[in-house]
Amino acid sequence: MREIRQPGAYHYVFSRYVEPIARVASGETVTIYTEDAFESRITSAGDRPSEVLGAYLNPQTGPIYVEGAEPGDTLAVRILGIEPTRDWAVSAFIPYFGGLTSTRLTRTLQEPLPERVWVYRLEGEMLTCTPRLRFPWRPFMGTIGTAPELEAISALTPFDHGGNMDVPDVRPGNTVYLPVRVPGALFFTGDCHAGQGEGELCGVALEITAKVTVRFDLIKAKPIAWPRIESADELMAVGSARPMEDAARIAYAELAGWLVELGWDRWEAYEALTQIGGLYVGNMVDTYYSLVAKIQKRYAFAEQAGG
Amino acid sequence: MREIRQPGAYHYVFSRYVEPIARVASGETVTIYTEDAFESRITSAGDRPSEVLGAYLNPQTGPIYVEGAEPGDTLAVRILGIEPTRDWAVSAFIPYFGGLTSTRLTRTLQEPLPERVWVYRLEGEMLTCTPRLRFPWRPFMGTIGTAPELEAISALTPFDHGGNMDVPDVRPGNTVYLPVRVPGALFFTGDCHAGQGEGELCGVALEITAKVTVRFDLIKAKPIAWPRIESADELMAVGSARPMEDAARIAYAELAGWLVELGWDRWEAYEALTQIGGLYVGNMVDTYYSLVAKIQKRYAFAEQAGG
Amino acid sequence: MREIRQPGAYHYVFSRYVEPIARVASGETVTIYTEDAFESRITSAGDRPSEVLGAYLNPQTGPIYVEGAEPGDTLAVRILGIEPTRDWAVSAFIPYFGGLTSTRLTRTLQEPLPERVWVYRLEGEMLTCTPRLRFPWRPFMGTIGTAPELEAISALTPFDHGGNMDVPDVRPGNTVYLPVRVPGALFFTGDCHAGQGEGELCGVALEITAKVTVRFDLIKAKPIAWPRIESADELMAVGSARPMEDAARIAYAELAGWLVELGWDRWEAYEALTQIGGLYVGNMVDTYYSLVAKIQKRYAFAEQAGG
Amino acid sequence: MREIRQPGAYHYVFSRYVEPIARVASGETVTIYTEDAFESRITSAGDRPSEVLGAYLNPQTGPIYVEGAEPGDTLAVRILGIEPTRDWAVSAFIPYFGGLTSTRLTRTLQEPLPERVWVYRLEGEMLTCTPRLRFPWRPFMGTIGTAPELEAISALTPFDHGGNMDVPDVRPGNTVYLPVRVPGALFFTGDCHAGQGEGELCGVALEITAKVTVRFDLIKAKPIAWPRIESADELMAVGSARPMEDAARIAYAELAGWLVELGWDRWEAYEALTQIGGLYVGNMVDTYYSLVAKIQKRYAFAEQAGG
């Protein structure tokens, strides 16, 4: 299988303005190496994030040009595996960043929370920092997306192209559907997490370098407006916006639209999602918040007649 | 076991200004009869909610005076069972109410969505409306709370007293912890749901009349600021606010506080919730949105030393 | 002219559950004495708000029963004058309260801002605290409203009954229109400010005790949904909600509705407010934010024909 | 004086990725021709915006390279004049865009508002559409900014680089201060409005083609984080974010910072803005909302000693 590494500098935007680092065919499976969100500049409990980090964060591997992809297509990315490429992960409290602090966008005059670095050792299937901070290996890609039509969007931002959604369901076994907005789709990914709770509360998950194995498939002439995810059992849509209720509305409206594509009446879909839908917070810390709406396939694919 | 029914008119506010309908002792188990959110005025697909409903909605059974309860205590309500008292449930689209419509508070000049009533037959463990709208019996109490110190809060509103949270984890097997703010706590409940998805998308779950069996226990001189829930496996805190990120912050800040009460360092708690916490939307339709933050007990009670 | 003073304890809720302290006729003018928002417990720079303040804040004078007022009427309150009843005003930084700090509803784990009390001397038309903190006398009533139909709403909260709007246009010369939701309207007021900027940034204006002279007039059988204000030159509507855009939508939607009542086509009104409307922030610190939408009368009353 | 016209295609992003169309010296005055927000595709009441408009909106003239500008400088843009280059302006209701409708980001399942085009004739100092829709000429630049360091930001978006703020104080006589984030600053402007109310309620002001005369001055090595405006009498800061309270916090925090730069103690500044600050809504319709905080110079420059 082909391995793709970033040949020169990483990218910090999802953008059509940069040259592809590789070209893949629809149906092809590749392994992609990713840096961690800090470009591996935080390595020990003694590091101070505010000193070692600069403006360039969340480096992405890409863009990868998918042969034949054209605006209006959908890119299906099947995640086959995520493997760590080092035996430790790192989390940190960064000044004025996170869910329980004022931030650059939610401004106050208060002092920041204390800086803090948490280094976890990865052994077998467990990550351990302190006796209490001991969690299982549950890897996923924090950032994944395609190039926007016009904008160059910061790798820190999730939006309708995917991006920094920090949604744990972007994990092995699942398929992520992304809109194609430029020729070749221009796929980027990075920011793998060894694990993360819903909301990514302090703003930094268990950050790790990794190699991810994905298969790309094009769905021709079938556009989607926002990212979707399919697992063995569920259909999901991801909305990213502020305030958080706007993200929730987007996620559920897109999921209702997916049901309509599957043959549902829109009002019956609205009612079904009311009674059986799921809605969790992927992140409450990024420049937009990401929420995931979902429905189990056994309801989504229930027969109209005969039940 | 004692059965409590509303003797006269129902209450539409959580309030100290109304007379208790019953008095219970700490440690007592009772069965309480509840009306549905529409006071059973919507009964068939031909009803028009805008015509049959008035301003008085979500009738509550109560207040129930808990002997010995004083401000600063916490009331533990163990939910032992919820049984339907009729064989059907009802959902509806109500003009300018719900998650994918403009509302009284999120105003637009658009026309409302079409009105619609969905009647479900309850047979065994299944509720059926149409071949596709067929869901299992997963009952919980949509509204549960105590009287505020000063205000009389509409039964449609969730806040720090509990109230109309529409959180599916308020279900049999779980214990809800509520603040005691007035003598006797003045407990109210109602609005039982035969089932509901996360977010309660259209604004109306599977509304049903029911009898709920609960056990009341007082935890003396141990105040809580917002409702908490404990299941066999999880600790949860519920925040209700707008915008939704404020509810998320409240829920996680309260849960972090709970961990600190259990002996955690607050920064270690912040880190743990980042990596292993859960965060889902109870409702995205009420006057405040309710979010639930949670952590599994096996992490919350992990030993500090020895791991 | 009749003078109205609170005979016993002040009220901390807008509520139908309390007994009127006075009865007035439609068309009557009265003078009402008001306490300051802290019930005069903060008097010097050395006071610590967190120590001298309790849970009971923003005391209101009332309720005043307006003879003949019935649900569905509108109460017009013409503000004829506001006079100080002491020669100083006070502002303060209160922990976890204000526009540039985390709060009880917008929670973070950060430390609060420093407490601080600012005492201003009132001499002639000027209030002076320090050489730089020297502002003109621009008095208005921070809190004004009627009793809700069902709820008892905290005197700290602005909503559709009026309440703690902190809108500088509630000032002498202007008329405030309030909904009548219970017999007698049950009018309350308090929280006079010697002056305040838009937004009431730190949460505490130039708080003062005062006597206000108002004239009450009933407009029979003409309900309004949210408070309105009329000045010599402008028509205004006040929306109070969170997030702030919901308050903005309410304010402009109500003002558009007012134009429609005046004979405008609703789309022409929407267009006119786009091009000539005003929209400022009354408060960004209370439990709901209050925004004021306005239009100059010369546009509102422009002739349809002939221009 | 030099005249600058867009030589080829307009730009729809604020971006470093595009070639400058002109170079100017610090201290130079130029006249810039601007298109309207629709690239002049809506010309009559019979046009349907949804048919004539595509994805490419709000064309900008630029980038203009300012000689000597380096990251960390501030670009002062003195607006000397705005003249119309045609005798009509146009406003419109665009489906799912505006302040009193659901939108692409605030999603509902409702039908859109009716489309509508409003053409105004400009005669002398008045714009007239109907007898009631008749407003004075109050021109300003809706969109103005510099290139971001990394991102390419849609010309529809206001943020910390300026952009589509739709703030009426960007008008002749005032000076706009913009951050320099890339060499040459890369200035863009467009979207002139013949007038607009606060909030830009329906989303479309009185759109016009124009020529603007501006003078560029560099302030070396003095960075600002967000745009500022200075008029003859006032200092202003503009925050753009969602929800609206985040924009308000940014605007006031930046203005407080400006006062600190002028020698104020930060707490005295916080107090002063509470009592004498202004806060209005520029737009409540764009991808971020823009709020303007302000203080009169006579307060900002009050003497510390002697007062």
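Just so it is clear, A, B, C and D label the chains in written order, and each chain counts residues from 1 on its own.
The rule we apply is simple: contacts are C-beta pairs under 8 Å (C-beta built on N, C-alpha and C of every residue); 3 or more make two chains touch, one makes a residue touch a chain.
Computed from a predicted model, the values in this text were never measured in an experiment.
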Query = Which chains does chain B share as contact partners with chain C?
reply = A, D
Task = Look at both sides of the chain C and chain D contact and report whether the same residue positions are involved, with over half shared, or different ones.
result = same
Remark   = The assertion on chain A/chain C checks that the Cα superposition rotation, as a multiple of 5 degrees, is 180
Chain A and chain C: spacing of chain centres that average the CA atoms, whole Å = 46
Query = Just curious, how far off is chain D from chain A if you go by their C-alpha centres, in Å?
reply = 33
Message = Quick check on chain C: which residues sit in contact with 2+ other chains?
response = 100, 106-109, 242-243, 249, 253, 256, 270
Query = Hey, how would you classify the chain contact layout here, line, ring, star, complete or other?
reply = complete
Contact set on chain C toward chain D in their complex = 91, 93, 99-100, 114, 116, 118, 128-135, 195-206, 242-245, 248-249, 252-253, 256, 264, 267-268, 270-281, 284, 289, 291, 293, 299, 302-307
Key: chain C contact footprint on chain A (complex, rising order)   = 100-102, 106-113, 243
Query = Once bound in the complex, which stretches of chain D touch chain A?
reply = 12-13, 15, 17, 55-56, 105-109, 149-154, 241-243, 246, 249-250, 253, 256, 266, 270
